Each structure stands twice: as structure tokens, then as C-alpha cells.
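Each structure below appears as C-alpha cells.
In the two complexes that follow, chain A is the common piece, with chain B as its partner first and chain C second.
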Partner chain A sequence: MSDLAIQARRLTRYFGAKRVVYDLNLSVPRGSIFGFLGRNGSGKTTTLRMILGLLSPSWGESLVLGHDSRCLSPAIRARIGYLAEGHPVHGWMRVKDAQAYQSRFYPRWNDELFQSVLAFFRVDPNTRARNMSRGERAGLCLAMTLAPEPDLLILDDPAIGLDPVARRSLLESMVYATRKADRTIIFSSHLLADIERMADHIAVLDYSILRAQCSLETFRSCVQQFVLTFDGSPPRLPPMRGLIQSISRGSQLRLMLVNVSQDIRTTMQGLGAMRIDEVPISLEDAFVSYLGGTLESDRPTPSPELALSAGGLS
Partner chain B sequence: MIGIFTRELRENLKWALLVFAALLVMIVRDLREPEPMILFQLAQHYTLWMAPIAGILLGVVQLVFETRPDNWSFVVHRPVSRGRIFAAKCAAGLLLLYAALTLPCLVAGIWASRPGNLGVPYQGRMMLPMLADVLNAGSYYFAGMVLTLRRARWFGTRLLPAGLALASSFLITMFIAQFWLSVLVILCVQLIGALAAWGVFASNGASDDSWITRLALGAIIYPGALAVGIGLLGFSQAFISGGRWQYYQVDRHGDAVVVTQTIEHGERGWSFTDPAGNPLRQYEGMDLDDPANRDQFVSFNGHLVDPRSIPWPLDLMYTNAGYRFPNPGLEALRGGALPGVRLRFLAIYDIPQHLIELFDPVSRVQIGAIGPDGFSPAPTLPDRRFDGIPLNLSVQPRSRVLAFESIVYRLELDQRRVLPVFVAVADDPVFSAVEVGQGTNAKILVATHARLHVLSVDGQSSYSVPWEQDPNSCNFDVAQLPSNHHLLVRAFTNPGIAPPRTRMFEYSADGALVRRSDLPRLGSLGSSKKVESMAFGAIFPVAARMICPAWILDDLFDLRMEEFQMSFALVLWISAALCATATVLIGIRCGFGLWKTLGWSVLNLLLGPAGLVVMLGVNDWPSREKCAHCHRMRFVGRRDCPRCGAALAPAPRDGREIFEPADAFSSDEALQAVG
Partner chain C sequence: MPFEIAISTGSAVPIYRQIVDQICRGIAAGKLTAGEQAPSVRALAEDLVLNPNTVARAYADLIRDGVLEAQKGKGVFVAKRRPIYTKAERSRRLEASLDAYVNEGIKLGFTAEELHEALERKLAQFQTNRE
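Moving on, here comes the complex of A and B:
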């Protein structure tokens, strides 16, 4: 048995002329909690749907639990819990109807787990899904996804639209559920706090291209911030590989860099700065800088704020 | 599967109840003041259109949740195959649909079967038209599913999948006389619809890879595209405000008159000539809309026709026989007494019972029955029954004549009896009979295959003449001339017999043929019919032209394709060639490959512009981008560039990549094993 829960090779998907996922290679270790990061429209949902065999890739292939995604049998699907984006559920169903309906399909249905997740979200079993708040609905969906005790749990932006309290509840439920079994969880989000709290591995999608796949610590250590202090105005920057952001304020030049090599350090030192300080950076800042920078000419124009902050690059 | 089935039932029950309640209210409202043939009318008035609406409604509401990809994922990502999910959905949907439509019809059927309710004998076949409509609702149900989930634009081809169901409705209501054949057509259409619906459901509306579901999708789109073309053509005719037409009338002396009718700016005018084209001054300025001029021309109110000689599908229009009509089950006898004598009962010819049955119109209870030997009050039945099936009653509903192949009776229903007036010889059976003229001049005309027999109303033979035209290839209008009471017979060649011609024969009181005239075929005036026929050629498929005779199209669409054969054929083939050329160009643009392009080109040469719509409907329009290697355009959905053969370039690296070796993709072998 492979020690990877998900493997994807050269997954590519176009919608019309729009390239949504491009040449994506991914491997998710069994038992990991895998955060799938990216901005809105970066291709997270499309990737997950291709991995689950719910969408055909333009080309490329993937394996889930060692089986080809294109033809997952019902038995394999029983081992995969999937919480789709937007918490879909039949609105007319009461909680107990949803439980009765869903439990029919899964031989390993854990009713105790279902009830405990519902209790965590304080969901009344007699409420109809359409009358629930977003948090309650998310709780119901999560309960329905967790109760079959899947080996692989795929959660597509599970915290979308939730207030901080509900989001915290959702994440705690996930932790509660995962730590009880050797279960792989892959969940997508664009909220760093969620990822930081939950994930041990991350993958970062940037406009259809996978840019990073590593542990959280590695990501944090690879993105570094330097402040260069000059005697006067900072000079014009030479091309630097790995530079994702530069902000010039007075005599200071703040540089955000990825994979800082000795060459880059030499280049920095060659700028004639009086001082070069490495400044600690939060994961959120690292992530925003990582995805906010624009380096390729064919990439869509970033938002005005990011354009301003990345002005030093051009 | 049971879970999905019950959920679907629960989820869509409200829509089924809505359909049930609406249909029940309409039916019960009509049952309060019933006509004798109400069960046929209920089909015509309600189920014919309610069933399609209900089918589309159920199909749409059942899949509207799945139109969002996330919801669809929620529905299909479970340990059940998509096929079983779809089957459970359809089983629940069809059960609800058929129950909602059948139960109100059953209420009507049970009501009608109770004595004293209907006013005519209840026959099980009276339920068949409603049953056929209800069954056909399933065709619309699958069409509704496809048009809900298939990815298409509303102003493009989204609604076209309803085309096959629509074609099925037309077939079973207008062109098919047998119920079993209608059921067969409906089942075939539903099978195709179900395959197409499965294709779009399994792929969440995308073009499915399976050729059979794509073929089914094409098959349900094609009639829709063709119908849109014909509809647009008809719509364009609505803007033509004027025109000129010619037709024949016969004056009181039996002379043919060519009437040219003109409509210009809403004003109607007529001019009159003889068949040679010489103006007839006596009719100059005559207004044919004026009731005072009604008697200027002979009215042919008797028809002699052998329906078996009329080819399908026009035989149904001539005879009004089939499972959607009372005939061949029951036929009302409206002309069973002398003019001015009012019958105090309703007379019905009961075809299975071979009897005329009389019903009280108030109590709707049977009074008795009339057989060849006379009347028997209910509940007794006459000892002797009529022999065989009555001939073309529906063509002459007010005739006092009841004809069978071996014998013809004159009806005297006010006296509660029938009188035999003609007995056919064994080798020359009757095919039609009718009464013409009024009062003392009234005659009974009996048409056998060899001769036309003219009788007085009491059955005395006046004369008998051989046919001047073969009755197996002609149908006849008959009239009595007001001026001299001569018999005028106008013979038309049956549809499909070339060349079409019209002849008139005038017989004197002693049976002498006093005049025989050929009426030359009148050509179309102006260019509108020619343009119409040519425009029809532009949208009509070559394949259909090969199997469908021009006279059917002329009759169905009021065209002149036989007259403008060359123009029609020219436009037809130019259009087909353009379609094939466009297909080749589209095939190259879409990178179809040689055989696929060739196949579609031949198909669209045969299927015409509607085939082109189908091709665009079942194939994705591929986008292109610049190849990173040769910088020429390549298809985005393909791995290799068709120009340079280079594989898709790997994702570009910009120095930001963070990949840990431990997580790097390393199981190529496993993937290759699967691939």
C-alpha cells in the first residue's frame, strides 16, 4: 500500500480558454492534515473535484487511496468524506431526516460522532436545513461528512461564510475527529489562521500553478524579510530571483524573499546598505506577500494595494 | 438506492400534487356538463398539453438542485454508482409524473363507465388518447432533465432538447392511428431521452465522452433545431400581407369558373374567367363574401372516397379514424331522419356491437337498439346485427345513409328503423355511399369499385354508370346542379398519384354522360409560393427529401414543391453543400481529425443546417492558445501541439517554488500502472 493518500501528476484543466489548473503535481502523505492554500479562483476547488473524479481533467491523472480518480468505485467513495464548498444539503430535510438518509449509504456510520458534532454546533435535530444559520448548516454538513468515519477527508473551504466563533467550532470539530484516527485530511482555504491552526503540510496554488508543497515550518522558514537601511535613497534593485515584494520608505528598503541563497545575500550586500537586518515575519504576512507579488508578465493585474506594495519590483 | 428513491419522492411530491390538482379540477369541471364523447375531448383539451407541461416541470425541478456543481457533487459523491442514483431519480420522478396525470384520468374513466353518466356506451378504448398523452409525458420529463442540466446558452441550444418530445407528440396525435404503435414510438423516444439525460447527469452537464449518450443528445436536439427552422420560416410568412390565389368554382349550370382572389392591404377582391382565361362578364364585381351570392356556385356536399386508397398519413385526415377518435369504436349518427325532423334521442352506431343504440339525452340511459330487423327496447337487444364495419361515416356525418360493403341502408331513426336500399353483388363491394339533393330530388349515390349507382331515396334504381376514373386512385365530390338536377361528379387524383388532375363528369337524369371536362392545374400566382418553397429547401434535410414525397410536404406545409421542383432542389443541394463545407471548416477549427470531420460532413450533407446545430451542440468548442514551442495556435485541451508535436510545457518556474523533497511527486510507477 502506498504511503500517499493522494497523488496527482500533471493535472491540467481548462474551462474554455481559461486555464484553471496547470500542470499540477501533488502528493499528500497518509495521516497528514494538508492545507490547500490559494486566492479565490486559484483552482483549489477544481483540483479537489478532479482528484475526486467529479470533473474530468483536460489531461493528467490522479490516484486517491491508490485508485484512479476517473473510476472510483462505490466502495472507495465510502472511504472518502467530501464536504463540498457552500455546505450543500437538501433544504427541506430536518437534521434527523438528513441523518437517516445519509446513514443508509455508509456501513461504518458512527452515530455517536454525528450527534457529538451536532451537539458541538448546538444544532436542534428538528430544525430544517433551510432554516439553519450558516454555522449550524456547516456543522450539519461536517457531521454528515465525519460520521461515515472516512479514511480520507476532503473539505473544500469548510469555513467559508462562517463567523469567527463558528469557524473555531468547525476547526475544533475537525481536530477532534482527526486525532481519534489515523485519517488524512485535505482542506482548502484562503484563511491563514485556519491553516496555521490545523495543517502540518501545505500546498499553495497561485493562479492555476502549484508554487509550494511543503510543511508549514518549511514554508515559514523559506519566506524571509530583510530591511536594508541606506544612507539616502535606496538604489534601483537589480533582478533578484526569489524576490516577491519590495517596499521603499525613506532610506529603508524592505525586501520579502523566497529561498534566499548565498547569491541573493551577496546581491543584497552589493547594494551598499549601511545595515541589513532580517526581520521576523508572521505566517500570514509571509503568505500574503507570497501570493501578492507579481513576477510574470502574463499574470492578471493585482489589486491596487498589492500593486502599490509591489511597486519596487518593476 | 431505496433511500434516494424515497428522498426524491418526498422532495418532488408537492409538484406532483400540483399537477394532480390542476388536472383534476379541469376534468371535474368538464364532467359536470358532459358531452357524449367527453373522454376524447378531455384528451384534446387537457392531457394533450398538460402532460408535456407536467413532464417538463418534473424534469426541471428534479435536477434544478444539481445545476450547482457543489450540489451535484454532494448528490453523487456517495457509495452508490451514478447509474443507480440516476435510475432511482428517474423511477421516483416518473412514478410521481404518471401518478399525478393518471389518477385524474382514472377518475374520469370510472365516472364514464357508470351507466347514466356518459350518454353513450362506455368503451375502454375511450381512455387510450389520455393514456397515450400521459405516457408521452415521460418524453418531456427526460427533455426537461436535459435542458436543465446541460451546459448551453438560453439563446442558443438549451431549449432544443424538447424537440424530440414535441415530434413524438405530433406523431402520436396526427400521424399514428394505432395505439400500440404510439406506445412503441413513445418508448423509443423515452429511451433516447433517458440516454441523453443520463449523459448530462453523469457529467454534470458537460459533453459526455460516451458516444451513445452523445448520439442520443444529438437525436433529441435535431428535431428541435428543425422545428425552429420551420417555425422561423412560418414566422416570416406572417409579415406577408397580400397575395393572389386561384381556385375553381362550378356555376349553377355546371360550367367551371376560375376564381382569382386578391388580397391587398387587407382588401379582398375577385375576378372570374373560364378555364381558357376569358373573362366572365356576368360575374364582374361580384363580392363572394356577400351572403346574397352564396347560391351562385354549386356546393359539393357529398364525398365518395375509399380511405384505403389514400396513402398514409393523409388517410387519417380523410377518415378521422384511429385511437384518438371515437371511430372505429362509436360513431354518432346525426343525420338519421328527414330534414326538419328532430330526434328525441341520441343515436350512436356501436361498432363492436354492430348495432345502432339510442340514448335518452336527459337521463343518458339507453332506450334501446336498432338492428337490421328493427328496434328492441332496452335491455333486450335485436337478434340480428349489422354485418361488418360502416363505411366512411365520418366523411359524411349528416348523411341519412348507412353503408356497409355488402349492403346500404337508409336511416329512418325517427321511426326507429333502417331500410335496405342497395345490396352489392359479391365481386363488387361498396366503398362509399352518400345522399345528395333535397326533397323530391334527393338521391342516394352508392359507389362500388366498378360502378356508381344512383338511387331514389326509397331505394329504386335510377341508373348505374361505370366509373370514368378509377376509384382506387381517385376520390370524388358530388353535387346536384340547381338548374337541371343533373348529377355532377368531380374526381381528384389521390395524393401521391402523379400527375395530379381534376376532372368533372355531368350525368343527366337518365344516366347519360352529357359532359366531361378536364380542369387544368392552376399555377401559383406571384412569387411568394416559389420563395416559400425555396426557403423551405434551405432548411430541409436532403435525407428526408429522399424518403418523403413532395406531395406530403405540399399538403402538410402548404407549399408548391411539386410545382417548383427545380428551384427547390437547387436550394436544397446548395444548402446541403454549404453545410458540409461549414462542417469541414469547423472540423478543422476544432481539430476533429480526418475521419470525424468526414463523418460529420457526410452527416450534415444529409441532415442540413439542423445537423450543423447538432454538431455544435454535442461537441465542445475548443479554445486555443499559443504553443510555447512553435508559437502557433494549439488546442488547450490536448497534451501535444498538432503543429510541432511538442508536449505541454511544464508550469513556468519563477524562483518562488518551495518543494520539500519528501513531498515531491515520486510515485510515477503507481500512476503508470493505472494509466
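Moving on, here comes the complex of A and C:
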């Protein structure tokens, strides 16, 4: 069996003239918890839907659990758990209706797991889905996604709209789900704290293009912040490869850099600063700078040196 | 176990590093004693709500540095002795940290004498702290 749970090659999708996903190469290692990041509208949901075979690509292809996404058999589908964005439920169903309905499709239905996920979210089994809070609905959806014991879990923004307690229950359920060896989870999120807790690998989509794909640790170590202190006001910066943000404040110049090379260090040292300090940053700061940097020169198409590629840094 | 690990997200310190640091501090403070069993990777991951790979990464570092030791089939324990490296390994590690010191110092524009003095000062400081 392949070491990849998901493999996408040159996956591309247009809606009319609008490019939503472009030339995406994605490799999700089996057994990983893979965080899928990107701003709203960057193409995350479209990508997941193509991988699931719910939407056909304009071109390109993807394999999921080693099978072509475009023609997944029911047996393969039963091994994939998909939580669609927004926690959709059938409003008229009570928990036991949902359970009776869903369990019939799945040979490996684990009712104990179903009940324990509901308990994590404190869902009263007699509530109708339409009367549930957002958190309870999320619990029901997640229970229905996990109970079939899928090998691959695809969670599209599972934390959306959840309060902190329900969010924690979600994360607890995800950790619980990893009790089964080799289970792969891919989830999209805007919550960097959740990514930090859960993800070992990440992919970053930006304006339909994959900007980074690597381990979380690699991402953190590749985005570095330096504070240069000058005697007087900082000089004008020469062009620096890998510079994603520069902020000048008083006699200090704060530089955010990706993939700092020896050349860049030499350039920095040549600026005449009294001192150069590397100041560690949080994942959130690294991510915001990476995607929302004040320098426009690298968008929408990043230079290959800037993008943390799967080939170079994984 | 009264010893608790507290994880903060949004920190500049990666989570696996927070675990390593807190276990080392727990041992230094006597909250964890030699021979004590550490929670399993799975138990700690579920307790702290973390990716088990992150906990495994922290434990691997701690085992590599001789802080924890894994006993096959029994679990992970606080190591009995301070880590003892081979002579070659000790030299290698000292060499690596000297490289880092000298490189950084020269990069920052210090002269050889200044680096020398700084090292002397640091050693003297350590001596005073110990006495």
C-alpha cells in the first residue's frame, strides 16, 4: 500500500473563467494529521471536494487511498469519512434516526465510538437535529463521520462556529480518532492554535495556488524574524530574496524572511546595524506574514524560491 | 502524579519544545524523581489534547539526551543517572557549541580578545554561582 493517503497531481479547477485551484500537487502522508490552511476563498473546499470525487477537476488528477478520485467504489468510499463544511444535518432527524440511517451504509460501524463522541459534545440523544446548538450539531456530524471507522478522515473546517468548549471536544475527538494506527486526518482550519495542537504536516493555499507544503516544524523553522537596531534611522533595503515583510520603527528594522540563506545573512550584516537579533515568532505571526505580508511583489504567483515546496522541504 | 505540563499555543516556543523544557524543569525542581514512570505518549497526548506525534517527538529528544529512558515493554521512565556520553561524543558536543559561539561572535563583529574575555567572564560567573 502506498505511503500516501492522498496524492494530487496538477489538480486544477475553474468555475467559468474563475481559477479556483491551480496546478496543485499535494501529498498527504498516511498516518499524518494534515492541516490545510489558507484564507477564505483560497480553494480549500474545492480541493477537498475534488479529492473526494464530488467535483471533477478541469484537469489534473488525484488518488485517494491509492484509487482514482473520479471512480471510487462504495467499498473505498466507506473507508473515507467526510465532514462537510458547516456541519450539515437532516433537521427532522433525532440522534437515533441519524444513527439508524447512517449505520446501515457502513459495515464497520462502531456504535461505542458513536456514543462516546456524542458524549464528548454532551449531545442529548432525544434532540432533533434542527433544534441543536452549533456545537451539538458538530458533535452529531463528527460522530457520524467517525463511527464508520474510516481510514481517512476529511474534515472541512470542522471548528467553524464552535465555542471554545465544543472546539476542545472536537480536538479531543480527533486525538481519540488517532488511536487507530495509520489513520490519516486532513482538516482545514483558520485557527492556528488548533493547527499547532493537531497538525504534523501542513499545506498552505493562497489565491488557488499551493504556497507551502511541509511539516509544521519545517514551516516554523523556515520563517524567521530578525530585528536590526541602527544608530539612527534604518537604511533603504536592497532587494532581498525571501523577504516577506519589513517594518521600520524608529531605529529598528524588523525583517520577516523565508529560507534564510548565507547570502541573505551577508546582506543583512552589510546594512550597518549595531546589532542583529533573531526574535522567535509564534506560528500565527509566521503564517500571517507568510500570507499577508506587506510586500506585494511575490503575489499572486510566488517565486519558486519562496514557496516551501514538498520536494525541497518535507 | 502532582507534576503537570501546561501547553500554551501561540507561543514562539514550539509545543514539543515546551514539553521537553517542562519535563527537564520538573526533574531539576525535584518534582519528577529518577525511576519514576512517565505517562505514555498516547496518555499524555490525550491528556494535553495534542497530536501524539508531537509528544513522541518530545520524548525522542528526551530519550536521546538521557533525560528519560525507555524500557522495552514497560514504558518510559525518568533516567536514573545524569547522561554520560562517550569521550568522543562529549568532545563532539563541546566542539559544536564552540563553533556556534565563535561563529556567532565573529558574525556580530567581536574580536578574538573580546570573545576570549566574554568566555572567561562567563566561566567566572558560573564558578561564583556554584560557591
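Things worth noting here:
The rule is short, and it goes like this: the second predicted complex is superposed on the first by the 291 of 314 C-alpha atoms of A that agree within 3 Å, B and C clash if a C-alpha of one lies under 4 Å from a C-alpha of the other, contacts with A are read in each partner's own complex, and residues count from 1 in each chain.
We adopt the following convention: a contact is a pair of C-beta atoms (placed from the backbone, for glycine too) under 8 Å apart; a residue touches a chain by one contact, two chains touch by 3 or more.
Small disclaimer: the values here were computed from a predicted structure and weren't measured.
In the superposed pair of complexes, A:236 makes contact with neither chain B nor chain C.
Touch criterion met: A:175 reaches chain C, while chain B stays clear of it. Measured by the number of chain A residues touched, the leading partner among chain B and chain C is B. Look at A:192: by the touch rule set out above, it reaches chain C but stays clear of chain B. Legend: residue contacts after superposition of the two complexes on their common chain; A:249 is shown touching neither chain B nor chain C.
By the touch criterion defined above, A:276 reaches chain C but does not reach chain B. In the superposition on chain A, no chain A position is in contact with chain B in one complex as well as with chain C in the other. Interface residues of chain A facing chain B in the complex, by the touch rule stated above, are 2, 4, 7-10, 12, 14, 16-19, 22-27, 29, 49, 52, 54-56, 58-59, 61-63, 66-68, 74-75, 77-78, 80, 82, 84-86, 88-90, 92, 101, 104-106, 156, 201, 204, 206, 209-215, 218-219, 222, 241-244, 258-259, 290, 293, 295-296.
On the chain A side of its complex with chain C, the touching residues are 32-33, 168, 171-172, 175-176, 178-179, 192-193, 196-200, 217, 220, 265, 269, 275-276, 279-284. For chain B in complex with chain A, the touching residues are 2-3, 7, 10-11, 65, 68-74, 76-81, 203-204, 206, 209, 623-625, 636-639, 648, 650-652, 654-660, 663-668, 670-671, 674-675.
Listed in rising order, the residues of chain C touching chain A in the complex are 7, 9-16, 42, 45-46, 49-54, 57, 107-108.
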